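Below are the structure tokens for one structure; questions will follow.
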């Protein structure tokens, strides 16, 4: 065993041991989210934007609206695109180049929560059925990775959508910087990620905890307190009881961040 | 589209009850070249899975001195869907491959084969909803056929919600018009869930119900997996195909 | 010389020696194709399909029809595309990723035989001159590589085309699963590949023979018994007499598979 | 477009005189994970810069036993411009990254860190003309924040020509309707120019004037850079943010 | 298009008889930087070929301890054809490069140079039918100019079929409207065919005729290749160009 | 220090020493361009072309005209594209594959000189405002790299543009090989590149000088003797006096090549 690996294993054991004893390094409860700070509207070139800080993790999301053609099978609906970019500004383990599977997974999980909650009324984004609709590009850019990029990205995206306005559209031209109305937002889906380390389960892992985790589950809940998306990742498996408990906690713990986001509406 | 009635008197459009699987057949060892393989039909899905390895891992920097690397590839053949699928890997396919590889990595004894890679290739030749579970089910049989030591066979199956009811193994119509889909993979030996995704809208109670129903589905799939492997070894002992 | 290379050289010499003595491992004549099994219509999502087994080599081909615009210089003709994908399900030497030169060569050789034999009446695929035509995508997917993927792919493609039907087309929409008529097929081009090992020439190499070969020639013949495409590959060169004999055999040996394919028409 | 009047009575549209910079604020050490970082606002530009390294250089064939390799990445966030920027690196971005890396490579003591790489990432979060100078200015502070030894801080600033007059630090309107733009980077310690590009139309005399004016601008930017670093260390000595 | 009459009284549109080549000139050693080079004009084709090597082979895993690797690149300059050619390698170009490399690999004594690579680059500057044969002909001269030991010079030439007749070296009109094209490369020293492709429609007898005619064409090209090399060495011995 | 590096350092010192003594290997003055040979019209498949030899450096440029749609913000202007391809025919250090940063820099510098000098009257390339314009593709292909590819490429591009003609355009079709008029060219921008080696500055570096250089500056001047583009590259920095002198020389030394290019007009 290499000395580097040996040291890490010892460290990992320490983290798990502390958690077993009911302690997290930053003093949180097992089922407690880090402090959340939301700063919407930071970016004037975007139709909507938000900077989210989850502890020391920082993510910025921006919304761009454009005119496009609708999908042939949904001629009366606007279109939605979600992209996360794990640019190496945020972490030494990120890389430049085409998106990798980690990036794609996060993008798709965030996208699923937004899409399945029907938080955007896509019918209202239709300009001319079958011909012209608004397309909503949600771009998520982590700036500082201190654990749990999924939740920070998901919350930043929803916050930026709540912040977004539809530009004026006259004679076939978008008038950037002038707006006709707010983006029609009807729900506030919140993502909650839980890590499994050994047999312990904690919420919202900080960087060290995330590195030590064996598996994770993300649960997206909507305003009704229902689940609208979930995703298990990592190599460890979960007992059914663990899953049930995770769902319960996700519903409970989503209320506070949801309130926080709606505050700015 | 949403107007189609998916259930009538407790029966689904294809005649199934809420807790019924579609028909499944699995044949182990269909390919000569691969180290292990399986051909599976599940409802209208037709899937081939092939395993190569353990073999030397390239490029070298992906090698681990502590365990094998397991790669999983989920692939739609271009003609497997109504609108020809682009041969380039899709974002959907990459996500499915990732969570499937993670599920199998918990089940295969990777630590027995340091510095190597085990590659699992699945190809959907014909797709009719539920392909990720079907592919993973076939892959598990192909791994067993390759003689790779595992904690156990890993079946996979989805439960879903249509017209307010939790049902097993959505058909194509149900998948398109239903309210939720929850695919899982499951390790019967340990009663643990190794893969879980979900989209749609379910109360926490429905979610729990769906997980339990999907596990039941997995147990049925598990029996079919075991039968396929027994059949293979029966043929082998009797002199083979 | 590495021991691996040494072993292979001994093995190769053994294969060539046996062939010189008029013996092939599977008992075939020098100029004999392996047994051919054709299973058309396996794939319901495709407009046409066929599984071809050439000995233990297995290839599946599927046809998808779509509406497209014709090429500007052929406004009254449908369009054709042939793609082979050497996906690693079939062989440990295949790789994922963008197509390599081997893949491109096979695709283009198969395409050439189909195109140059004029086996599809492309004029009949015109819907509206200069605007709308049927495009025919032939996708070939080897499943088990036990030698001579070229011939198996070529035969699978032709068989799938013979099996193909044109979907109904109403009000600008394709009605998938309902058909108006068969694809207009007018010829049955057959590819025959010959390997040169040392100075010996054999037909339809099995995997071991293919690995030991120095060069190969593929000859495509059409229903009239003419040559419609050919391709030399590999590093060894051929005498003119060898080429003449190969052509003769290709014409002769194409009759049986042609009959086999037409049986299913 | 060209009809807009850019100057009135010696004042520009935003009220600046010919030799005035837009407002600039720089904050060093904004990010936790990076080895050094800076956040900069310059007129309507918002930019973050992060430095990682010196660290082991991969791939190995890019390694030099004589010095560190310095890579610079200039990147527009998709939402930083009116028409969403494609996440793929643009040809423009690649050129800016190259000349910026070359400028910094002359300033950092690369020979102190053989076999390593120093990576400088800059992200334009909001763009309003002059982003390459703004990004390079932030990068220089981030390098200092990372404690990497340099010949000195390297400010960057552009001069341009609008309506026949040489002015400092073009705004977005001026950039689009002006007659020339000349961005430079400058090393005050040695009175040397480390980056210089130009497009437009200038007489040799105007070109010289513009270089001199841009150098004056750099000297002002230099003061702001120094202040940002002092502020950081003041906070640090007093117990940090 | 097909209505154009390609032959009149045994003569072709450009005045050639059935067994005539278009005009060919070859100049060896046109480039300073390459290890060997040739410039060729063949009818309206203008082609440059350059050889680099034997040189160390990268990446390492492509290296053979038994022989050199020979790579061949066939490339249309964007302006060489009526509709601008995309600079990305085309599938057609990749196929031509592969069969050309295989042909030359049989002719060059690769086993003299283990662990190295020999790179042959050909660029079509102006294209008028028959470019693959013309490029390969130029490449063979460039290899000789580089002093690389070969079994012999390898000329290349096509025969084809127009209006039912087998003719040598199709022109652009003939290529577009003709019935078949059969390019070969040939090693005169051994009377062997090293490259052969064909498309169109030919009886077995016509095919044999075309092979024989193409070999005759190669013999004529061979003389021009030899002349070009002699001319180069004459100039060299007299003190160079 | 490796022996290879040691040898090169000695060589580099020799080159700089000679230059300090006012000598260049080929006998030129410090501020002297190598002999320029221009051969326009070599390529008949192009609408314009030119081969430029700058000493032993050889570059060929070709112009292709096509019909395209104008940029939305310039509906009455033709479009321009400049691409340099550093194909390995010209140098052992060039590589096949997608363009690298060196290639992109040269392309953009050449493009900037052409664009900023307004040498092509893009308004005259409009066929139908907002719908159809001529697009001009300038493709530059170095054949022999013996130093200073930038200047040779820039001069070849301008020469090829001067040589270019607009094809006839009838009923929506381009008639290739028949022309309606010359491309509307109104200026003759000339690029001049200067190398800094140690503290010495020379013009138009030959290959060895270029390898030994620490930095370079390229200055593009137009017919009025003004600067229309410039670019500093490489790791060394420049004093302001050095820049002023370079500009002066660039203006002066551009006259001769400009005359040479206009000779062929």
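Labels A, B, C, D, E and F are assigned to the chains in the order they are written; within every chain, residues are numbered from 1.
The working rule: a contact is a pair of C-beta atoms (placed from the backbone, for glycine too) under 8 Å apart; a residue touches a chain by one contact, two chains touch by 3 or more.
Note that the structure is a prediction, hence the values are computed from the model and not measured.
> Which chains lie in contact with each of chain C and chain F?
Touching chain C as well as chain F, we find E.
> Determine the shortest chain-contact distance, in steps, between chain C and chain D.
3
> Sharing over half of the contact pairs with A-B by residue number is what counts; pick that pair out of D-F, A-D or E-F.
From the options D-F, A-D or E-F, the copy of A-B is D-F.
> Which chain has its C-alpha centre farthest away from the C-alpha centre of chain A?
Chain E.
> What whole-Å value do you get for the distance between chain C and chain E if each is reduced to the mean of its CA atoms?
27
> Take the average of all CA coordinates in chain B, do the same for chain D, and state the distance between these two points in whole angstrom.
Those two chain centres are 52 Å apart.
> When the centre of a chain is set as the mean of its C-alpha atoms, what distance in Å lies between chain A and chain E?
58
> Report the topology of the inter-chain touch graph, choosing from line, ring, star, complete and other.
It is a ring, because the chains touch in a row that closes back on itself.
> Which chains make up the ring, listed in order from chain A with chain B immediately after it?
With chain A as the starting chain and chain B following, the sequence is A, B, C, E, F, D.
> Looking at the complex, which residues from chain C come into contact with chain B?
Spelled out, the residues of chain C in touch with chain B are 42-46, 49, 56, 58, 60, 62-64, 66, 83, 85, 87-92, 96, 137, 139, 141, 143-146, 176.
> What does chain D use to touch chain F in their complex?
65-66, 91-92, 94-95, 97-99, 102-103, 105-106, 182, 187, 190-204, 207-208, 211-212, 215
> Quick one: which bits of chain B touch chain C in the complex? Just the residue numbers, please.
Residues of chain B touching chain C: 31-34, 44, 46, 48, 50, 52, 55, 73, 75, 77-84, 87, 89, 119, 121-123, 125-127.
> Chain B touches which residues of chain A in the complex?
The touching residues are 1-2, 5, 101-102, 104-105, 107-108, 112, 115-117, 215, 217, 222, 225-240, 243-244, 247-248, 251.
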